[in-house]
Amino acid sequence: MLSALILWPWLVALWLAGRAQDSHRLAVPAALFELLLALAVLFGADTPDSRALHLPLLGYLWYLQNSSLGATLAVTAAALLPFALLFAWRLEEFRGFTIAALVLVGALMGTFFSQNFLGFYLFYEIVALSGAWMILIGGDRDRAAALRFLLYTVGGSLLLLVAVLYLYLRSGNTNGIYTFSWTHLAAAAAPDPDLAWWLFLAMLAGLAVKLPLFPLHSWAGPAYGRAAPPASMLLSGAAVLAGAYGLIHWAIPLLPLGALHFAPYGILLGAIGTLYAAFLALDAPNLRRFAAWVSVSHMNLVAIGLFALQEQAVHGALFLLVAHAVLAAGLFGVIAILEARGLPGHWDALGGLFRQTPQLGAWMLFFFLTGMGLPGLANFPGEFLSLAGAFRVSPWPAAIAALGILLSVVVFLRAYERVMLGPLNPGIARGTGDLAGRELALLWALGLLCLWLGLDPQPLLGQFQGLLPVHSAVLFGGVAHGH
Amino acid sequence: MADWLWLIPGFPLLGALINAGFGQWLGVPMVKRLAALMPLLSSVVILVIWLEHATHPELVDRVWTWMAVGSFVAEIGLRIDAVSLVMVSIAAFAGFLIHLYSQQFLAGDYGERRYYFYLNLFVGGMLVLTMADNLLLLYLGWETVGLCSYALVAHWYRQKKNAWAGRKAFVVTRIGDTTFAIGIFLLFAQYHTLDIHRLLQMISGQPVPSVLLAASVLVLIGALAKSAQFPLHLWLPDSMAGPSTVSALIHAATMVTAGVYLSIRLLPLFAAVPGMLWVIALLGAWTAFFAASCGLAQVDIKRVLAYSTISQLGYMFLAVGIGAPALGLFHLLVHACFKALLFMAAGAVISIYAEDHDIRHMGGLKNQQPLLRWTFLAGISALAAVPLISAGFYSKDAIIDASWLAPHGALLYALALAAALMTAAYAFRLYFLVFEGEPRVGEPYQLGWGMKIPLLILAVASIGIGWLQFPPGWPGPHLWLPWLRAELGPTPEPSGNLALVLETVGAAVTLVGIWLGYLAARWERQGRGLSRIGFLAHAWYVDAVALRFLPPVVYGGARFLRLGVEHLLFRSGILGGIREGLQWGGVGLVWGENGLVSRYVAFMGFGLLLLLLLLWGGL
Amino acid sequence: MNLADIALVIAFALVLAGLTLVLLRRSLIFFLLGVELLFSAAMVIALVGGAVWQRVDGQILALFLMAMSGAALAPTLALLLRVRKAFGGSSVDTLRHLRGGRDG
Amino acid sequence: MAIEASLEPLILVGAATIIAFFFDLSRHLARWAPGFGALTAILTAAAVFHSRLTLGAGFYWDSSASVLGAYLGLATAAVLVFTAGHPLARRLPGALTGLSLTVLLGALCLVSSQTLLGLFVGLELQVLPFFALLAWPGSRRVALEAATKYALLAGLASALFGLGVATLFLGNGSLALIPPAGSLLTGFASHLGLLLLYAALAFELAVAPFHTWVADIYEGAPAPIVLLLGAVAKVGILGAWIDLASVSESWTTPLWVLAAISMVAGNLLALRSQRIRRLMGYSAVAHAGYFLAALGAGPLGIVAATVYALAYGLMHLASFLPLAVLPEDSHGIPWKVLRQRQPVLAGLLALALLSLAGMPPSIGFFAKLGVLVVAIHAGLWPLAVLLALMSALSFAYYLPAIWRADSSERSPVLHHASSWSYLGALGIVVLLLGWIGLPALLTVL
């Protein structure tokens, strides 16, 4: 079952690679089936572990285990896929995009369930590669952006590999079993604090770069900004999940001391990153960059929540991840719709569009409001819980990050004003049509998801509940911070 | 009974949802009627609650659990007690009247459906805000109404300045929202609950002075920003860019009072910090004074009313600060009636004068529009607190008089009294300029019943609602304060001769103010009015200074971060440095790749030397 | 100073001479000559080793070295002849069609 | 006379080599020469397998030598099968086969020899044929230049090797890798001798700073010969280096110093290269660095180094096989044409480049993983981190090589042979799934 989750999109991608004419016909049903599989994993009765490829000294390379966190994130990623495909419908590189997207999502599923580090690493690299591919084939076809994205991720993840290899040797040396399985790595005796600090930094370099956490963020602007919007949607909505999941499933449990040591700095970096990216979004040259930096800002908020190592904050951060995926679909979806109408997103070429496309304007505002963290919409519970939780741990950075609440309203509304309000830009064709049936349906689906997540987040929060104590009871139970 | 509470915000929210989802198919006429129906239905539910109020003073409805993580629980929980009952009544009923008024007033406008969507959403949000039993849900309502304010101020989006005004309103109030949110974090971090009742119990049970000080300041800034108190009042005058009905509902009757409501709700929090209440009182009195002085010199009819709103809200904060929240709530109610009335009437006046807001271009409207004139006059009287016959007299003068009793009462009293003088002056200046004098004929304008009924109802209320609570010692009903006593505690009231003196002074000041207003109107006609005083006309230049400095700092900061830090430091500096370093390293190595065997051999010789050096180190 | 040491000094001198030729002369023939000098030095060292350790392996090694140097020399000279024919010259400068840096 | 079992493979190859030259006598027979050579090479691999763990006559097929020896046989077979279809083999195919087999013979000597003399002979046996092969009739003019450069510099390297052998003999009094006295490293002379050997091997392997020639040769020489050079000759050198390092485990400093320099230099140079063949040459420098990093990590490193040698050989085969299909003067890779005409080889090339970069789950990744493991195990943190960073950096040129379209407008004429697709498919399977066998190999080692 879990293997099917990974292999199904890969097989479809392989099929499409061979048969060009099937892409429009097959893509969406395949994506929906993937979603169905993911839902089955999330809600189905005990999904058996999937083990294969046992290699001496490495353990089961293909070792997939269901967990409620992994399954939730899997559903999120799988849910994003049909949206991205449908928003990409009219792109000329649709087939290439579909293939890359299917590969990416399949690999993501692998990262969520893999219990063997090498397996995780393998999927993680494939995510990076297919992500770079996606940046490359669409949008501005910017090779430099794709390469930067890839180099950041690969460079970081190799450092991550180095750190995990140390733990692998350490656990192997003590109990004589050399394997990369999670349980064995986690059982390795804790390295001395100094080393743990460096090892954790190395892991961070691999995982936090995907979010991206503040000083590691420079790839994100070009990557999200130059790729086709549906690609940015998947990258900023789904691919980031792998990084965050890696932090919570691998880095923090494997090096609890390092994590604890780093936590205050992590919160601070997250706070700086939240504001910094928001400021960059404020001064973004076009709509895509704007969405890119907004996305980075939210992910830094996720980092705050994760590094708070505190119950509410971690829940909030995870929730925000899911919510952000929906938001990313909305934001980049709206941009994709604009681009489909020949509006490339430079501020100068926009303005007063509401007059032509009131429905699009309304939805754009809706997603912007979601992004601003308006209560009742998807992002709010996540933002609130992360900040409130982080505030209990280290008030000042959290308070600084909370200034993002203020900044976001300037950021979003200014952008909205530039696009939608004011007199109609003479450069916009009079006949620019409002939303068509498919677009409208997509936005409604996303909008209802946003409302659901915002008004009734409890089912989703409950999904995380069962898992965290198992993973890191010591950390999240509050012992760490003396609460 | 309690299980129905959710219907109160539920109706308008449902209306908004229907509008958004099916409005296109229903068509505008259907949508607007449906929209008006929703707050009426809420009002009916509220009426039932009023009838049951004596037996059920407090109703609680936990609709569903919003979020629950560990020790943190936030319910979608609604609560009705006396204070919130007053608030929901205002929100729902005034909301209904304004929906009704809008039917004709905005007929044919572009974006009517959008208007009713946000109006319904607003009423729903306001009802949630007032009924919320925990701070987080309150915050939800708080933000929802802020959003609606934005959208409705920017309703006529095709002009850039309207859109800008909407954004400004949202941004300035969000300053307060942010501090409010941080305050919530702080309270949660300390007390692990956001349920208002439990929180207040714990605050009085185990006060932590430093936390309470910080939290109260943060929450207070939130309240001040929402209620447009100095120095965060900047957004309110600009938000007059929206339709007048919006100003009536949001910027007069309901949303701006949310700050006052919040401070009444959280009074124990403020009371737990020594001196905090007095600061609130001083800020309120000062704002009342400041805004009244600005109101004197405005020429835009809506701006006069906007500053008067700021000023009147100042009175309410003053009341809260001197320990008379019941009086504050009373004035809130009275103000909601007369200010909604004034704004709606002003909207009609503006329509008559073809969207010209300048009162210097108006005049003599009393014969052309008698009904409008009388109702407007009722509102103006209440604003100016004309003694005995207007509701404002009973609510506002009670606050002014009570302020005498507070510590350093003379200061507060003096500020409040001076403000009252100016209030009467600008109120009647406005009235005289618009309705009296030489007629300047505008467009023919027929008030339909949909407009007349709300005006009439509110005019009656502006006169009569004050009779709920006569001044102490006077014969007549004393209903208000005793009714709220259980919830808000006793209200300080001057008594005996002191009361008599204060009341007389207050009444006299009002009459003088009316006379001054008459003079001011005359001067204005002669072209030498108060509006020529730039300092007052530009509201002490506070806004100008803020606009001069704050946006450039933010935008400049953003530009600096993008160009200076992201591009220069991160991209060019660090990444570029790495790239350059690699390039230069490559250049050095390529030097060896010149194709000449001798150069190759030289490299090998170098390598050999290196190895020999290792030999030296290795042994 | 015994004989072996003197032989080693000679070997060292040969190495130096060989390296100098290889490094400094631009003619390919002299380059080959330098390489041959290095081989000779190796032979000297091998013979000294054989003498010092009283083993026949030294001589065998010297013979091998001689054979190898000859085997390497012949085809190299053949190549040089072809180079002279194709490029017209036997300086190192004739061989620089293949080099890095041309493409940035 | 009984023949030592350890000599069986060598004798087999030697005999076949001599026979191969005679194929050129008849035009009809000559066509079969590469096939004969390939068959012999496969038989050699079987013979190596048969002689595994035998010791005698100065040769020892220890486990790493057996693995590499078997690989060398199969790789030579693959090269010969490929070359048979290549235009280069139209001239003197018998001699070409014979020289290729000579290279194989030298490489087998290198991996299995237990004496310095054996190493020396092996080195010469695999170096000398290239003097001729690199400038094989029918190749371009620049090939002559490449061959000459190689000949001159390889001569110098041979001289250094000879000096090293003599110096070691002077120091130890023995030509055995494991002298009777017990240790290879006894004093100054032996250290110096070892360094001279290292220098010579470093040249052959193109380890920086002895790497300068490599890009010229990769660029100028005919691709099938480069294929042979990388996949067979270099792996032989790797084997020799493994032999040497395993007897001098007490002194690894030169190894990891060279490793660090080589990784950095190779990657930096490759980063600047626009032409694919030069890029591959420089990347070979970097890979030599990774290999030495494994050797530098002490006893455990021998295993990782063997695996790396194997993986490197395979990756080189997989990358140069498709490159050899292109016209000799190609600057970039004409992906479009390649994809249309030779889809399997196009896939193989892309996969090989990713594998060289270390993308999981290709064997390139697992080979690097092994290096990282041993480096960390040995506590060589800086080396491990450098390796990680440099591997990441290598993506910066391998990937553009994959996605950069050939700038030239004309559509090149590709060489074609029906057997190549099968070879390509085999290569894809090996690169993609070869790692499943690697751990099994580890247990063998």
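First chain written, first letter: the chains are A, B, C and D, and each begins at residue 1.
Here is the rule we go by: a residue touches a chain if its C-beta (ideal position, glycine included) is under 8 Å from a C-beta of that chain, and two chains touch if they have at least 3 such contacts.
Only a predicted model underlies this, so the values are computations on that prediction, with no experimental measurement involved.
A.B. asks: Going by average Cα coordinates, which chain is farthest removed from subunit A?
C.D. replies: Between subunit A and the rest, the longest centre separation is with C.
A.B. asks: So which chain ends up in the middle if you average the CA atoms?
C.D. replies: A
A.B. asks: Which integer distance in Å separates the CA centroid of subunit A from that of subunit B?
C.D. replies: Result: the chain centres lie 37 Å from each other.
A.B. asks: Which whole number of Å gives the spacing of the CA centres of subunit B and subunit C?
C.D. replies: 93
A.B. asks: Hey, how far is the Cα centre of subunit B from the one of subunit D, in Å?
C.D. replies: Subunit B and subunit D have C-alpha centres separated by 78 Å.
A.B. asks: Could you give the separation in Å between the centres of subunit C and subunit D, each centre being the mean of its C-alpha atoms?
C.D. replies: 25
A.B. asks: Going by the contact rule already set, what residues in subunit B reach two or more other chains?
C.D. replies: Within subunit B, the residues that touch at least two other chains are 590, 593, 595, 597, 601.
A.B. asks: Two-or-more-chain contact residues of subunit A, please, as numbers and ranges.
C.D. replies: Residue numbers touching two or more other chains: none in subunit A.
A.B. asks: What are the residue numbers in subunit C that touch two or more other chains?
C.D. replies: 22, 28, 31, 95, 97-100
A.B. asks: Going by the touch rule stated at the top, which chains touch which?
C.D. replies: Every pair of chains meeting the touch criterion: A-B, A-D, B-C, B-D, C-D.
A.B. asks: Spell out the part of subunit D that touches subunit B in their complex, as residue ranges.
C.D. replies: 149, 152-153, 156, 160, 188, 191-192, 195, 198-199, 202-203, 208-213, 215-216, 251, 253-254, 257-258, 264-265, 268-269, 271-272, 393
A.B. asks: What does subunit B use to touch subunit A in their complex?
C.D. replies: 20, 64-72, 76, 111, 114, 136, 139-140, 143-144, 147, 150-151, 154, 157-160, 163-164, 166-167, 170-171, 174-175, 177-178, 181-182, 184-186, 188-189, 554-555, 557-559, 561-562, 565-566, 570-571, 574-575
A.B. asks: Show me the residue ranges of subunit D that touch subunit C in the complex, using the header's touch definition.
C.D. replies: 117, 120-121, 124, 127-128, 131-132, 135, 141-142, 144-149, 151-152, 154-156, 158-160, 162-163, 165-167, 169-170, 173-175, 215-217, 219-220, 269, 272-275, 278, 331
A.B. asks: Within their complex, state which residues of subunit C touch subunit D.
C.D. replies: 15, 18, 22, 28, 31-32, 34-36, 38-39, 41-43, 45-46, 48-50, 52-53, 55, 57-58, 60-61, 64-65, 68-69, 71-73, 75-76, 79-80, 82-83, 86-87, 95, 97-100, 103-104
A.B. asks: Subunit C touches which residues of subunit B in the complex?
C.D. replies: Touching subunit C from subunit B are residues 590-591, 593-598, 601-602, 605.
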